[in-house]
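Pasting the structures here.
Both of the next two complexes hold chain A, though its partner changes from chain B to chain C.
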Partner chain A sequence: MVALSQALLNGLVLGLIYVAIAVGLTIVFGTLRLVNFAHGAFYAIGAYVGLVVAQQAGLWWGFLAAPIAVALFAVVLDRVLLRPFYGKDATSQILVTFGIALIVEETLRLIFGSTTQQYPMPAALTTSVSLGAFVYPAYRLLFAGFVIVMLVLVWLFIERTDYGLIVRAGVRDRTMVQLLGGNIRQASTIVFALGAAIAGLVGAAASPIYSIAPGTGFAFLVPSFVVVVVGGLGSFWGAVLGGILIGELQSLTTLVFAPGANVIIYLCMALVLLLRPQGLLGESEVIRQ
Partner chain B sequence: MTRARGDGGVRFAILSAAGIVLFPFLFHAINGYAGLATQILMVSIASIGFNLLLGYTGLLSYGHAMFYGGGGYVAALLLIHFMPDHPNLWLAVFGGTLAATALALVVGALAVRLYGIYFALLTLAFAQMIFFVVEQAEGITGGDDGIQSFPNALLPIGPYNIDLGTALPAFDLGPFGNLSDIKLWYVLTAVILYVVLIGMRALTRSQFGEVLTAIRENEERSSLIGFNASAYRLAAFAISGALTGLSGALRALYDGTISVESVGIDRSGSFVIYTIIGGVQTLLGPIAGTGIIMYLESVLSAHLGYWRLIEGLIFVAVIVFLPNGIVGTIRRNYLARVAKERAPSSRALLAESLRARPGGPTQSAGGAEAGPERLKND
Partner chain C sequence: MTHVPSTSRGRFIGGAAAASAAAFGFPGILSAQSKQIVIGLNVPQSGPYSDQGLDQLRAYNLAIDQVNKSGGIMGLQVKASVGDDQTKADVAVQNAQNMIDRDGAVMITGGSSTGTAVAVSGLCQRKGSLFMATLTHGDDTTNQACHKHTFRRYNDAYMSSQALARTLISKYGTGTWFHITADYSWGWSVHDNLAAVVNPKGAKEIAYVKLKLGTTDFSAALSQAQAAKPDVLVLTEFGADMVNCLNQAATFGLTKSCKILVPLVDEYMAKGTKDNFTNVVSTAPFYWQYHEKSYNEAKTFVRAFYDRYKTYPSNGAECAYVNILVYKKAVERAQSTDPAKLIPILETMQWNLTKGPEHFRKEDHQGVNSVLVVEGLPEADRGEGGFAYAKVLEEHNGPGVMAPLDGLVCKMETA
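After this line comes the complex of A and B, so read on.
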């Protein structure tokens, strides 16, 4: 019973990381129809910028610097390289963003080396909290709460602002939004930067739990694709549901039959793609790209 | 429709044969060693297969490592468990290729209904499943360590059992090395690659190839004409998987070891990189891309820790500046020049039309017509 509740909690924390990465992927896909294989790179850049700033100025400054730096990087990337690819087919987009992911990963390796690094943690955060039957690291609980707050803010942005309106409408019918005069271009830059900033922030915030190496971003990206596919490409709540489902599934499988933990999530992804390609909460129009 | 079939076929057959024969010697002159030449040719077989899917069929697979590593593991396991005393290279390679083909038929049957990102993600999902199964099934596959050694397979031809590690007789070739640098492995690989290359040329120029292209360009129209698009896609996927499995099986036997990276996501990405850099929709592009990247990797990674950064930069530069890849760009420029040279100038056309006027309309200049047609199809 103790093991089960611990696994459930671990699954939730892992799932929330997936959610936070997948939300960026999914809103960028929804607005720009861009399939971004470089999204994991945002996570990694955030993690390393956060690390450097945290070592110099303290953990909280690191958490502040990471999303800002990553958002700036995303804006430059959007302006300089990605613009011509927005209208192109999914294959070209996958290729160019895959190339960017490669360059970022190797640049990080060049600067920071291949070894895994640990975040400096204030003593107050390394404590554990008693949750009845077992103790749990305080930082993980803090992290979970923090991601939930962030998701609420993103949801408010999508639901309550004009940009959010364009995002939501763009998922349904991109051409119509443009015909009606919605400025998808400007909204797209903002959405792209926002998605990147979230990934960067999560990169910094999750790294005290999961250590960082240059390949960590891509390693988190691949399961995030599982999450987005299961939830439905382009769907906010799909990413939330998919992320928690996949996180729990992985964590519970580890408890029961550890070697199958990774296989099962890809099996899940394949089944969803074959039986319900638009995902659990996706819009069916999105499928035929 | 008007293109003459078999056009340049003999010339292609002779030039590509000469290229494959001369390659290791020219390669030696730029500090490439014969073993690397052999590996380049082996991996090129997979890249050619990958290009049939990406270039000619328009489907991006992000999981071809499952066929490459799958073929390799099956070949190795066959040697270990079924023929430890009489390791037969034909049987091992055939078994590995067959297993990869079967896997491609299963995955393909499911995947060809999907498009674009969904196709790429489904192939990725299957490849990841296979990767983690191979990684976890330590008792069979050696897990993370891979299989470090297996019997050296011999090639039975008639009464002889040939060890492919045997070198050719010594003969000094100056800056081009020595004939004895070349092992029989190179000879076998060269023959297989040559057959694959000629076969692929015939395939892409056959009706099958034309239907694939038609489906890629406009599936709806092709289906209305009566072609079963899914069946054509599946056939392309299976051939592609088979060639990739063949490549992986040969490579495993040549290396004498196989690691879990051979089924990994980076391996899948490498076929994408090789093919794009060389040029999709070209016969020689995948070979050129494989050769250039594997050569640079071998030369540079010894001195530069950041070789993969350079690889990434080359890849993105090619996508942005040379969307047709290196071979595709060269071909395009060459054909454009040929078309220009052959096309008569406007003055000549004017003169001709003036001359032709009394006798009624004449046929337009053949050279001018051949230009764009060749550009599209050759």
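After this line comes the complex of A and C, so read on.
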């Protein structure tokens, strides 16, 4: 029973890490119709910026610098390179964003070398917190709480601001928003930068848990795509539900049959595609476009 | 008129599939010329074992430059054809094939995984090329999947397990053991060997959790270990995976609540895990600080490596270095790079370099040399930029811990 509740909690925390990465991917896709393979690269840049700043000024400054740096990078990418590709066919999008991902990875390799690095966890947070029958790493709990706060903020942005309104409208009918005079261009830039900033922040915040190397981004990209497909394209709550579902599935499968833990997420994706092709919380309108 | 995509979801799913399939090989290009010997250096420069691969590459370059400066091999300059195997068997095989067919490599060396080593070994056997494996520790390379053209100097899992058990049986013999293991031939090999030694002595295995190579989040297995409260936690993980696994284990309180065993370690893993590696018991085939005290050739190598790179060689780097020197010795004795002439020489040749007298065992081409059982030092006590990472508990000589010949399943080809 202890093992089960421990696995459930662990799945939730693991799932929240997936949600944090997938939510940026899904809002960018929802608004810009961009299949963004560079999302993993944003994670990696955030992790490295966080590492460098944290080494100089402390962990919390690293957490602040990472999303800002990555957002600025994303704005430049958006203005200089990506704009013509929004809403275009997937092949060109995959090629260009994949290209960006490769360039970023090799540039990071050039600057930092291939050696894996890790920012040491602050001593105060290396402890475990007692939760009755078992203890759980303090930093993971903090990270989970931090993801929840971040999700609330993103949700407020989407639901409560004018930009959010354009984002939501854009998910349903991009052309109509433009015909009605919505400044979808500016909103696009902001959304793209926001998605990137989230990935960068998560990269920095997760680096005391996972060591980083130039190719780290790809390791998180694949499960994030799965989460978005399972949850439903462009759907905020879909990413939340999908991420937690995938996290719990992985954690529980490890308990029963560990080698299946990686297969189960693709099995889950296949099942969702068969039974509910628009994803668990996907809007059917997206399909009909 | 704005372009409206037809099926956005389909594109996205295609994207997910393409992301999963992403894999690249970038073998270095160096064309073969007639008056030189081309050696293929096939090591991971990206992926979880890249620290180990890059350090091997440093040692290879050092050895090749030294060989070339002293007149090459039989008067021929050595050229390297370098590839990144990404710790993926298919990429490793493709690299090796390019090195042999395109660049004219007469010998392939490298590897940081038994998965890639076994795959490259099979290719080299088919192609009739020599393969001097470097960092591969699973038994398969020189036992279950042994080949006439493959030689492995690095310790195998059997040797490490025997050595570990002999040093620690009094401390670890009983109690409950929890295994977290890399899910491929190396991990299985280490687990099976270790279990075969300690279980009959009274150790009780309570879990054997296998996780794929390249796992970043170990929390599911670690929380399970935490609930099981084992006496010994065995982390059969390597490279960055081991670093992630042990560092995460520490946050679950496991480094305090149980004794941790990491069957194989190197300098980079110890550095990456910092104080979490304190008191962790492990094995290593070579430890620069230990060997340079006793062997002149080891000292020469360690100092040359340090002078060039301002860092100390990991045990995989040492194996890479020695492989080149052993190859040179064998070729000069055979006066040929033809494997048909080289193999009989490698099967009988002795050398005395960094670890005292060594040779390859004729029956399985496993290197006969010593195993160190080491224990991690607290970070504050480590010298030399963290590279002086452990104290040696015991040195076991090769013949004493090797798999007995009558237990081998290796069926060596005749050519």
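In the analysis below, the second predicted complex is superposed on the first by the 285 of 289 C-alpha atoms of A that agree within 3 Å, B and C clash if a C-alpha of one lies under 4 Å from a C-alpha of the other, contacts with A are read in each partner's own complex, and residues count from 1 in each chain.
We take it that a contact is a pair of C-beta atoms (placed from the backbone, for glycine too) under 8 Å apart; a residue touches a chain by one contact, two chains touch by 3 or more.
What you see is a predicted model; the values in this text were computed from it and never measured.
Participant: In the superposed model built on chain A, check whether chain B and chain C fit or clash.
Facilitator: Aligned through their shared chain, the two binders clash on chain A.
Participant: Counting only touches as set out at the top, which of chain B and chain C does A:T175 meet: first, second, both, neither?
Facilitator: second
Participant: Quick one: classify A:I103 as touching chain B (first), chain C (second), both or neither.
Facilitator: First partner only.
Participant: Name the contact category of A:A90: first (chain B only), second (chain C only), both, or neither.
Facilitator: Both partners, chain B and chain C.
Participant: After superposition on the shared chain, which partner residues are touched by A:N262: those of chain B (first), chain C (second), both, or neither?
Facilitator: Once the two structures are laid over each other on A, A:N262 reaches both partners.
Participant: Quick check on the superposed pair: does A:L274 touch chain B, chain C, both, or neither? Answer first, second, both or neither.
Facilitator: Touch partner of A:L274: chain B, not chain C.
Participant: Between chain C and chain B, which one touches more residues of chain A when both complexes sit on the common chain A?
Facilitator: C
Participant: Would you find which stretch of chain B runs into chain C in the superposed arrangement, from 45-53, 189-197 or 297-305?
Facilitator: Clashes with chain C appear only in stretch 297-305.
Participant: In the superposed arrangement, what residues of chain A touch both chain B and chain C?
Facilitator: Touching chain B in the first complex and chain C in the second, residues 35, 89-90, 94, 98, 109, 222, 225-226, 229, 233, 259, 262, 269, 273, 277, 287, 289 of chain A appear in both lists.
Participant: Can you check the complex and tell me which residues of chain B touch chain A?
Facilitator: So the residues of chain B touching chain A come out as 54, 58, 60, 62, 110, 114-118, 120-122, 124-126, 128-129, 132-133, 136, 265, 269, 272, 276, 305-306, 308-309, 311-313, 315-316, 319-320.
Participant: In the complex of these two chains, what residues of chain A are touching chain C?
Facilitator: 2-3, 6-7, 9-11, 13-14, 17, 29, 33, 35, 37, 87-90, 93-94, 98, 109, 113-116, 118, 120-121, 126, 128, 134-140, 174-175, 178, 209-211, 213-216, 218-222, 225-226, 228-229, 233, 250-251, 254-255, 258-259, 261-262, 269, 273, 277-279, 282, 286-287, 289
Participant: Contact residues on chain C for chain A in the complex?
Facilitator: Listed in rising order, the residues are 2-9, 11-16, 18-20, 22, 45-47, 50-51, 54, 183, 209-212, 214, 216-217, 219-221, 223-224, 226-228, 239-240, 243-244, 247-248, 250-253, 268, 272, 274.
Participant: Give every residue of chain A touching chain B within the complex, in rising order.
Facilitator: So the residues of chain A touching chain B come out as 35, 81, 84, 89-92, 94-96, 98-100, 102-103, 105-107, 109-110, 222, 225-226, 229, 233, 259-260, 262-263, 266-267, 269-270, 273-274, 277, 287-289.
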